[in-house]
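Multiple structures are listed underneath, in structure tokens.
After this come two complexes, each holding subunit A, first together with subunit B and then together with subunit C.
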Partner chain A sequence: MSAPRSTASLRHRLAERGIDPLLMLVLPALLFTIALFVYPFAYGIGLTFQPTAATVQKWGGGVFANYLAFFGDPFVRDSVWITMRLAVPAALFNVVLSVPVAMVLRRRFRGKRLLSSMLVLPITLGTVLTAQGLLIFAGRQGWINRALEAIGLIDEPLKLVNNYLGVMFSLIITGFPFAFLLVSSYLSGIDPSLEAAARTLGAGWWSRFRKVVLPLLAPGLATTFILTFVLAFSVFPSARLVGDPGGTTRVMALMAYRSFGEQLDYPMASTIALLMGVVELVVVAIVFAWRSLLYKGSTGGKG
Partner chain B sequence: MAISATTFESLELRGVGRSFGENAALSGLDLTVKAGEFIALLGPSGCGKSTALNCLAGLLPLTHGQILLDGRRIDTLPSEKRGFGMVFQSYALFPHLTVEKNIAFGLQMRGVPKAEAAARVREAIALVKLEQHAKKLPGQLSGGQQQRVAIARAVVLEPSLVLMDEPLSNLDAKLRLDMRTEIRRLHQTLGLTTIYVTHDQEEALSLADRLVVLREGHVQQIGTPDELYDHPRNWHVADFMGYRNLVPGTLASVQGGVATVDLGGVAMTGTPVGSLAAGEAVRVAVRPDDLVVADGADAVRDGNALDATVAVVEYHGREFAVSATTDDGRTFHVRTATCPEPGQRITLTARAARVLVFAEQLASAGDDSGARERVLV
Partner chain C sequence: MATTAPAPARSRRRAGTLPGERSLVASPSTWFVWAGMAVFLVFLLGILVTVVVDSFGKQWFDTWAPVEWTRTWYSGAWDRFELGQVIGVTVGVALAVVVISVLLGVPASYVLARRSFPGKKLVMGLFLLPILMPPITYGIPLATVMYAFGLGRTVAAVVLVNLVPSVPFVILTMTPFIEQINPSVESAARMCGASIRQVFTRVLAPLLIPGILAASILVLVRTVGMFELTFLVSGPGSDTLVVSIYRAMTSAGGGEARQLISAMAVMYTVTMLVILVVALRFVNPTQLVARVKESRDD
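For the complex of A and B:
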């Protein structure tokens, strides 16, 4: 019944059972993750079920009082819509704009390096610096307004900051480089001979893009959209600095901060933060569901 | 309605050239292709053969010359308007489309009605015997099958010209032979005018009606396979035509169609090609099958006798491929019926008629008047 005793080394015998001793090296990282992420996260979820006495009194529902408060209070609830109204258009704009820019930058031309560095540079700027710059550049007395007034195009300064537009600008300035870098790398993975083949088969530039490049790029665009969306959804500093934090840019992150910093209501702040995550997950799930319908195999290139 | 070629009278390339900055990848290519002809562009990598093909396809703009189809200039047309079919080395199949849809792509682009397109796609799939794979994605096919899809995709449009860029170079040896026959069969049944780029002389000789040998962007010789095989114009062409032994030497004398070459102490007689002068640096070219191991003093032919030591013996089925080194370090390749031992001393001989003597100097860049002279047919 028993097979002859294996002469393979201990490591080999363990490997055959799916045990790799080298994986022990992951242990420290695992400990850190548990201590700094898993535990606090679970603690936060726990907090959402421990509403303050005031919340319970106002909204009822026992341990679910925070959730009742979130969905019952239009001031809080509407922040979901307000955040979506900023994050979805910003992410879409960044993805859609980066496609033609990345396509053009695939070609060889003089000054290509300079141009692509300039496009990626804003990635190094912090959101606060961007916001500060926007206030000076696009404010009532900023260069844009003064220049436009000087050439007589406008009589009154345009309101470009401290509103929805200001936050949108900030999200594009910080989000576009990410989208551009990602789309460029997805695009370089598509074998250029596919487009050459489409040309010889009679496809003009639009058909080549529509029938060959776009279907192969689409899964990458979905991923890029998700990343820029998540980035835009958690917008906080610019919503406060260049936005209208009491009105059109009263995003979820601000609401969570308000509960935490101003009302000292930890359980409510945790609830808002958790629901932020839930909303993002829903959007991500929808995009991934759409992505799963697409062709995702090899794109012929080296990428 | 069977797939056939769109007919035309002739395709003319007039002084076609392509430069990249200072660097001329192709220059002065003159060629007239008749309808139904199979032309092979042959040369080592970097000789300009792929550049020529891309220029014809419209994927690379010309910097010099013109391309005319029945007297109409087409080099100014964009690729998508030329109506040529192209088969790429990497196949370039659309990975997200099924075999059927890949083949239908060109028909769709040309606005062929759906019913007709479907019929033609079916026919093209039958032509390359892929009926069972019509609904598969290219990634699910083997290399040979992918290549057949690429060919079907090009021929379904009934192009006036099919361009093939080393289509067999990514296949293994056995499949390459099968596909070669397949390409020849398709060419014969459809009558497609084909321009075929390759670096493999066997492929070129077996497929083409005419060959164009290129080197560093310049035409070396144009002719039918037997013309090139029997009468290579210079040692570079000879190299491609199986003259594996290309030994440098000095021309001692030329008299009445017999050249005597000094190979560093040993003299060899052969047939001079072109005009040669005594004292000139030359190359002696002999095919391995024309070089014979002499098995006695009387077997030496035309006084050609080279003493050498057997270095490497390879088994090739009915014969042996032997490399032998002479005392002054020159290596000769020879075929033998019997198996010699490495280290054995042998004497090599060849008929003077089978030994070609070429000038060492190839036509220099820019001076291709000689190549034009020899444009035959």
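For the complex of A and C:
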């Protein structure tokens, strides 16, 4: 093996290690990502250390003034907690609920196609239409409050929008279809004969789910949680439109945009945006660490 | 419809199963699932129907339905927000993003699926990051760079920012798809004397078409619906439909008439629905993850 390698051309030796002209195909995408993702990102990090004169004057700290401002100003600092309080429950809710729904929809029954397309429909709505619809449907004069008043459940209209609850509804309506699609595709990758075998051995539905399906599904659930969390974490139109943007739904994205678009303080905007990425990556890293403890082998799928 | 559907199916199942055998999920939990879904669907339909009703209603304050009906909100919104131009920009941007991201992404995913080379993990990580990061995180520095280069508020900037998550998205969906194509098909073509280019155009391309279609459609839907990134760099003349709806909803001084916005939102949903219906005729989104044989107790 070593003798022919020493006489082979450089090109041949490189090819043995996997470097050959075909590799050039990855270059366009790579260069693009470096130019439009890595470079701006590095530029943004640099920008966070170039605070505006006003920030330095107010918070001091020289090049770290932006960070001092972020952690010193409770109006901005609290947005971290506010964002987590919205994104984590919403993502958990969507993932946990899509498991039973996906299990039920795995069976065949009349109207299944209609039902699954209904569940996917909100993808076409987008956050903005969902916000508009929620404002009308769940507002003070909306059909929900009207119906509840008509059957005598409530006397006063419930306040369902322009607060925490409104944003939560919007996150569930836009996030659930996404979680459902992912979970059902993971579920379809689990070989049904495993469950059939468990049933032959006398396992009830709960132990079949708990001991067979869930361990195989858990890595997929972790991935789904991450993707749903990313979606919910960067929520921003709905926090502004159906939320209470000055108070309980003052999410980080809103703060970043306030600095960028309204105060034109680009260094501060970059700082908030980067810290947002840091907070999110911490959550993602925790979930990934937990996921690496789980079973990673074949699920009986051919992939 | 949705909630009444399971009843006949359940009874049919019961007739076919053995005595003492239970369905996968016991019936109380099944009913719990159906109830939850019913609530979800009520909300969903409520949202959809109220927006549609609102967009046709003349005045709607404290009654169950508008007192008078009209169609003028649509023509009103069309003229007021120059929707012809906005929709043109939206469609143009979306198509440009789809074409460019497929051209950049598919060759890269071919290499990632077939070769191992030093630094492959790093490259994969680089492509994964833009999808994992919240759009605002890289969007704000990117927009700052765009404004510094004088690209702010142009259609080119909108296309470029939308490409940042789309190219990695195409790569990540296409890589597993290419992996499941048997490499000996390519080897056989090479043995028979095909050049690399011929392997790509005559052998791989036809096999890749379903995957490329699926990825394109997902990119199309994402781009039309993308708010955060587009909003940061667009301005008058380069706003897409979502962004103009948002601007109309938040415009200073109480904003526009609610019905105008409803009419715009209905147009947006109809556009998306058309795309999705066309798309679902060609692809099944769950196909992207490898599929096994259908459940046996079906």
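In this text, the second predicted complex is superposed on the first by the 286 of 303 C-alpha atoms of A that agree within 3 Å, B and C clash if a C-alpha of one lies under 4 Å from a C-alpha of the other, contacts with A are read in each partner's own complex, and residues count from 1 in each chain.
Keep in mind that, in the parts below, contacts are C-beta pairs under 8 Å (C-beta built on N, C-alpha and C of every residue); 3 or more make two chains touch, one makes a residue touch a chain.
All values reported here derive from a predicted model rather than from experimental measurement.
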Partner chain(s) touched by A:Leu264 [first = subunit B, second = subunit C, both, neither]: neither
Which superposed partner A:Gly277 touches (first subunit B, second subunit C, both, neither): second
Partner with the higher number of touched subunit A residues, subunit C or subunit B: C
First (subunit B), second (subunit C), both or neither touched by A:Val212: first
Contacts of A:Leu22 with subunit B and subunit C, given as first, second, both or neither: second
Partner chain(s) touched by A:Ala198 [first = subunit B, second = subunit C, both, neither]: first
Which superposed partner A:Arg110 touches (first subunit B, second subunit C, both, neither): second
Set of subunit A residues, in rising order, touched by both subunit B and subunit C: 191, 193, 196, 204, 300
Subunit A-facing residues of subunit C, complex: 1-2, 5-6, 8-10, 13, 22-26, 29-30, 32-34, 36-37, 40-41, 43-44, 46-48, 50-51, 54, 61-62, 64, 103-105, 107-108, 110-112, 115-118, 123, 126-127, 129-145, 160-161, 163-164, 167-168, 171, 176, 180, 196, 221, 225, 227-228, 232, 242, 245-246, 249-250, 258, 261-262, 265-266, 268-269, 272-273, 276, 280, 285-286, 288-293, 295-298
Complex interface listing, subunit B residues touching subunit A: 57-59, 78-86, 88, 90, 92-96, 105-106, 109-110, 137, 139, 153-154, 157, 163
Complex interface listing, subunit A residues touching subunit B: 191, 193-194, 196-204, 207, 211-212, 215-216, 295, 297-300
Sites on subunit A touched by subunit C in the complex: 17-20, 22-23, 25-26, 28-30, 32-34, 36-41, 43-45, 47, 97, 100-101, 103-104, 106-112, 114-115, 117-134, 136-138, 141-144, 146, 169, 172-173, 176, 181, 184-186, 188-193, 195-196, 204-206, 208-209, 226, 230, 233-234, 236-237, 240-241, 252-253, 256-257, 260-261, 266, 269-270, 272-274, 276-277, 280-281, 284, 300-303
